[in-house]
Amino acid sequence: MNTTLKDEVSIVLAGEAGQGIQTIESLLTYILKRDGYYVFATKEYMSRIRGGSNSTEIRVSSRPVNSFVDRIDILIPLSRNSVTHLGKRVTDKTLIIADNEALKLEMDNLIDVPLLKIANDLGNPIFANIVAVGVVLGLFGIRVKSIEDYLVETFGRKGKEIVEGNILAASKGYQIGKELRDKGQIIIDIEADEDLKEDLLLSGTDSVALGALAGGCDSIFAYPMTPGTGVLTAMANFSKHFDIVVEQAEDEIAAINMALGSWYTGGRAMVTTSDGGFALMEEGVSLAGMIESPVVIHLGQRPAPATGLPTRTAQEALNLVVHAGHGEFPRIVYAPGTFEQAFYLTQKAFNMADKYQVPVFILTDQFFVDSYSNVKKFDLSDIKIEKHFVETDENYKRYDLSKAVKGVSPRGIPNFGKGLVIVDSDEHDEHGHITENLEIRVKMVDKRLKKFEAINDEIISPELVGDENYEYLIVCWGSNYHVVKEAIENIKDKKIAMLHFSQVFPLDKGSVKYLENAKKVIDIENNATGQFARLFKAETGVSIDSKILKYNGMPFSVEELIIKINEKIEGDL
Amino acid sequence: MNTTLKDEVSIVLAGEAGQGIQTIESLLTYILKRDGYYVFATKEYMSRIRGGSNSTEIRVSSRPVNSFVDRIDILIPLSRNSVTHLGKRVTDKTLIIADNEALKLEMDNLIDVPLLKIANDLGNPIFANIVAVGVVLGLFGIRVKSIEDYLVETFGRKGKEIVEGNILAASKGYQIGKELRDKGQIIIDIEADEDLKEDLLLSGTDSVALGALAGGCDSIFAYPMTPGTGVLTAMANFSKHFDIVVEQAEDEIAAINMALGSWYTGGRAMVTTSDGGFALMEEGVSLAGMIESPVVIHLGQRPAPATGLPTRTAQEALNLVVHAGHGEFPRIVYAPGTFEQAFYLTQKAFNMADKYQVPVFILTDQFFVDSYSNVKKFDLSDIKIEKHFVETDENYKRYDLSKAVKGVSPRGIPNFGKGLVIVDSDEHDEHGHITENLEIRVKMVDKRLKKFEAINDEIISPELVGDENYEYLIVCWGSNYHVVKEAIENIKDKKIAMLHFSQVFPLDKGSVKYLENAKKVIDIENNATGQFARLFKAETGVSIDSKILKYNGMPFSVEELIIKINEKIEGDL
Amino acid sequence: MSDRQNLFTFENEKELDIAWCPGCGNFGILNILKKALEELEEITPNNLVVVSGIGQAAKIPHYFKNNTFNGLHGRALPVAVAIKMANPELFVIAESGDGDMYGEGGNHFIHNIRRNVDITNIVHDNRVYGLTKGQASPTTQKGMVTPVQVNGVISDPFNPIAVAIANGATFVARAFVGDVKGTKEIIKRAIRHKGYALVDIFQPCVTFNRINTYAWFNQHTYKLGDDYDPTDKIKALEIAFQEDKLALGIIYEEDGIPTFEEQLNVYKENKEPLYKRQRDLKELEMFINAMK
Amino acid sequence: MSDRQNLFTFENEKELDIAWCPGCGNFGILNILKKALEELEEITPNNLVVVSGIGQAAKIPHYFKNNTFNGLHGRALPVAVAIKMANPELFVIAESGDGDMYGEGGNHFIHNIRRNVDITNIVHDNRVYGLTKGQASPTTQKGMVTPVQVNGVISDPFNPIAVAIANGATFVARAFVGDVKGTKEIIKRAIRHKGYALVDIFQPCVTFNRINTYAWFNQHTYKLGDDYDPTDKIKALEIAFQEDKLALGIIYEEDGIPTFEEQLNVYKENKEPLYKRQRDLKELEMFINAMK
């Protein structure tokens, strides 16, 4: 059995929760990235702490890769179940590297490596995962030094013994990998590029949290909920280096109300949650609408209704956020498709929220926040943290109509200036005091809705990617950016383009022109009803009747999209 | 000054909160109805317990009337402010009956009646409102006996002294009214009809609560919130006669979860709330979607966002309820336009909820629930309380796919039969046990959404009222039924019809045909963005661009609608 | 009694995929609970409903035979009390984690104590959020470092025992899963108690709580003796405030207080569960048509 | 001091349309609060924020000079503590009704006591839902008949004093608006207390609560004497449990406990409010670009 893997390899590590797959994932991605490869890692895992079957896919490539593929070139299973768990993704082209003494798999293309035995010989079965890392790195022929450096960095705090055990484990594995490579049994032929060493390696979570930092976020209030928790944890870590109030609220209702209290006082607060936690925040969103408070809301989507599948991915919260909160008031919803977008849109979210005094959403999902890949270094010189609050004078009125520009009155904060700042969840007059004057009511409604005009002027138009003379247009939003892009790049004989929306509300109504130019339009979403297509229809009247929908909790794979797009193109609908 | 009021009179009583206007309202409507008139009463009031300016309009007519008019034929102000409060509605055609010793109004058409003096002479200023009632009844020439009977009924419990004081007060007022009538100063010429004595006099609140009773509702869980509280209070009163668990929950989240606990056990529970309280229930609604639980939700709308205008009216919660709760699952939303509809739709809501195991909404508003009018007697012989739960056997599976008909599996309840009943907010298998099997996930999503098919078969089509050969079509929903109907009846020279939706979700897509037949379609709603028109577009792709929207917290009046409809018809949009 | 052995155990127990970590205290609670139920002759899987929220603890009803309502995070209590209101013949247990009951569900905790519905409230108190991977829960000790509380927890821990007693609960107990016999007896007493009964069970989380381990609980707990009088509220509070050594046992108990459902109008004369009743539509028609 | 007279009173006070019923206890609280503030030299309308929820009591911040956050029903506390976290230089009062604070807002009540943020929590306790017209509140007495509790309340009343003490509050007081001087002193002490301070004020609702009238409160309250030692927690609880006579005064007080904000990393070295700080984007750029 001889295998050559050219330009790209997809490695899948699988095992039970608690077997250290996450460690392998970060070791491999970091070391391979640092050695000049493009890497992309995505995990799927169960809602439990130990046991079950989880897996991580790591794509290593000579060109940027950012999407999930079904294909598994190399599989390293740490438990017997995990092979069954992966099902049809394991084909006869998949090389399996396993300790078959322990796993007792009956498979042809299996390379039996005594991962566990080596670990046990080193005195601790826990080292098995590190042996596996060594094998892979041996296959790549990475310098041993890189590995050692990284192990020292990672395990340094845990003491010398652990570090040395890990280094030994890795090098034992390394020898095996190198041997396989040297004997020509597995040849990985992917060009490395020195320049990539300087790339950052970020997750979707990192991108959102760093964007928040760059947006001047100085407070985060949240109640843990997968997959929204990551941003809370990241901010907690950043709080060691930057001024951030990090507080775990007693519930989601507290979280959003705390965020509003913070903005009222001049803070720049965010909340992070998931669908179900957000459902509890809706009254608070409505309060933001009424008192015209900025607030930034990160929502990592997962399959619903109710608790649903806590650790899986979906795009099911679009309806919810667009219509969240009772009453009528403006809002902005961003749905980044790339990590760069996640960073810049989250950064922008704070400025937009502050400028227009509205809630701004960052809508991601489990697949997006839990993926890692190379990102180019950031240049923040064009970025500004726009603080829009003003120093008040004695005559200050929070909702001054005469001073309102496109519905936006200057926002004062307490004890900065001579004025008093009064906000009220009841309908209120220009001062902010409760009123039941029905004429003022109408003026205030009009004022709040007028902000839509200004917000519409700053809509981020969808991005057209692919063949400019397209016949087929794929419409998508949020995290499906890369997978759709890669799929249509692979369908070479058709004229296809992708129209990706990273702002989903308000919608760019001008985008209808792109649809008009297409022979056929296909909507791709991770939900069962086509929420974006429906929103598009509500906003523009244009239907997109051809839909590719997935709602089993997994992201689309490149291969399945290629097949489904081809079917749609060839089929009638 | 001589005035004759033929066929119909609009009487407005106005004063501060706490001055007993509510008492006058109920006395007058009950006595006049019992004397064979059509009556309609609607109030507008402030969010306070004492002071401010409130008013009640009572229309008395020889034909059914059910909508608000600006016109005031007779005004009885109990406070000076209340005249200013009513603004332009007080014209030179308005007769004012007031104690001008106390109020010191400078108005021409004022009949000075010493309401307060009489009351004081009787030993208590509180009787002033009853004197006013007497005056009005004197104008109508009602038999004194009717009044006495009713006063005994109303005040009987408060002791003999109070009753007698009231009777004396009423008869003093009566003499004055009768004198005005006899002298021909005010002649009210409205035909009474013996048969109407048998009519019921109900409010919107009564209609919903009685509908619930007729739907077999045996539990209500709610947290007080205007204007949803009325249904809770009504059910609490009914609980003296019928088996109903009435519990005020600690918050709205508890309320909806309690309702789900009750249905799970075989109860038939409802919740009642308003926009902001409902926003807190959304996670619970999503839970109903996931565990496929029936639940009935009454939502009395009021102006938002946030606390908004607590005692005013609006139709701003449509977006919210249609998209409430994260994830994708069926629901039904009724929006009654008449009290009969409120009764029958609420009754039906319980059966539909039980049959399809989905949340069913009754969407009303403050104007609707707080209005009173004649309603014909009910014949319940066609009504059934359909209990859809089954006795289980040992092999019972709550989400049995093989037994599901259009997505609906038989619903068991604990301890009725030999099976166990397992429900889970996580994605679950046929038994109801938590699962992360992604194939089952897809089957369960499909199962839940399949129910839409059956629900669609039972859609209540919109009602077409007016000229069958219409050129102009007015689209409306919920409480605007009567006012639109009365307005178009008054525009005699145009071919106009009304299309009223009492079911707003799922929408009857076939209704598009009505719109296609019109030269022009006008949407009428009590909100600022045209939520129904947008929903209609999302569901059908058809835009209704001409809109008449009101969002100051007051219902449309017949007069203003006539003007606005005419403007729309004559104007371009 | 022997026919009750394994009454609550699934036939296919071996195939159950239990989602807890090896060594987790939840296993012990599951076993003890099943034993306790076996010993309560009045209870069968059919007349038992276990209501839980979301978390590791909240998965427990899936692992033995009962009618299960596994609802939303924090919302077990409202569901549980409504079930009892709809059918007082059922035995209702609301069981979940400390985060679920005292954190997200805190408002239901304090107000359902006031209602005194006859249910049993069992809390798996591992002093941490297990399922979401180790953040502080309301009962986490001050100073504990977690992925979110990177400088250590700075709020004071919630004292469920003291709050429940102060708030008027009629049965308040603390147990430790390491004390199998004691815990079983407490659970049995709690279920038989007429009214709301709280059982807070110390449950080591071997994965995320490295402070409150089995050893720690062993060291920091003691059992209330037979001479302890649980009817003295002030004494009970003194016990509840102890910090270095934590008492196990029934800390407070008050008998003879009417339950919520006993006081409900619907059950004053007729004890039948709601689902068995029929509304008389003829009577209703007359009632409505009298509203003139 | 004289320049502080009417410091918190609107110039156009006469034109204010106060939405309370004549005779309502809220007027008394408003007057007392203004007086107390006048006497606290460190406070001005500008450095004071009053946060309220929804209800009759919750309208209070509109009736005198302050920075006002009149938020959602039940949510005054989260807003108030976040304000203090963003700017510890502000004086923050969270003030609302009993339904608002203990009912809808109950979860924030119990968890913010644990945080011990330096705010003052004033509750207008009229033992009823005023604004929504007379339903039972958590503190309504058992048996009281209301439009919803048609057979009388059957849940036990919430005891905010006992629960707050048991839950670790560092300042717990009860006042009666009829006792003007006592109430003013309590409010002043509460504001000056370092940490969370609860002041539950008995406030007659002349419209909807016909039981707990001015006379009733006069008859059923007594003042704690000068010899009372508020640092004894168990004694304080005994006082809190008294039923026939209700104590007025500072029932429990514990000094020297660190506040939440003191323990926050951001304020350890730099005391500046957040709004004055700038993020250094150059530093951030370096930080990000090191994430390779």
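We call the chains A, B, C and D, going by the order they appear; numbering starts again at 1 in every chain.
Basically, a residue touches a chain if its C-beta (ideal position, glycine included) is under 8 Å from a C-beta of that chain, and two chains touch if they have at least 3 such contacts.
Quick caveat, the model's predicted, so the values are computed rather than measured.
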Selected pair, out of A-D, A-C or B-C, that shares over half of its residue contact pairs with B-D: A-C
Chain pair showing more contacts of the two, A-C and A-D: A-D
Between subunit A and subunit C, centroid-to-centroid distance (C-alpha), Å: 37
Distance from subunit B to subunit A - Cα centre to Cα centre, in angstrom: 45
Centre-to-centre distance between subunit D and subunit A (centres being mean Cα positions), rounded to whole Å: 41
Intercentroid distance (Cα basis), subunit D paired with subunit C, Å: 32
In subunit D, residues with contacts to at least two other chains: 19, 54, 72, 103-104, 106-107, 110-111, 138, 264-265
Of all residues in subunit A, the ones touching two or more other chains: 46-47, 52, 239-240, 250-251, 253, 276, 283, 287, 291, 306-307, 310, 424-426
Interface residues, subunit D side, partner subunit A - complex: 19, 45-47, 49, 51, 54, 59, 61-62, 65-72, 75, 77-83, 85-87, 89-90, 107-108, 110-112, 264-266, 270, 273-275, 277-279, 281-282, 284-285, 287-289, 291-292
In the complex, subunit A residues that touch subunit C: 18, 46-52, 223-226, 229, 232-233, 236-237, 239-240, 246, 248, 250-251, 276, 306-307, 310
Complex contacts: residues of subunit B adjacent to subunit C: 33-34, 197-202, 206, 210, 213-214, 216, 218-219, 221, 239-245, 247, 249-251, 253-255, 257-262, 264-269, 283-284, 287, 291, 377-380, 383, 385, 387, 389, 413-416, 418, 420-426, 432-434
Touch list for subunit C against partner subunit A, complex: 17-22, 54, 56, 72-74, 103-104, 106, 129-133, 135-136, 138, 147-150, 207-208
Subunit D partner contacts - residues on subunit C that touch it in the complex: 103-104, 106-107, 110-111, 114-116, 138, 151, 154-159, 162-163, 165-168, 233-234, 237-238, 240-241, 260, 263-265
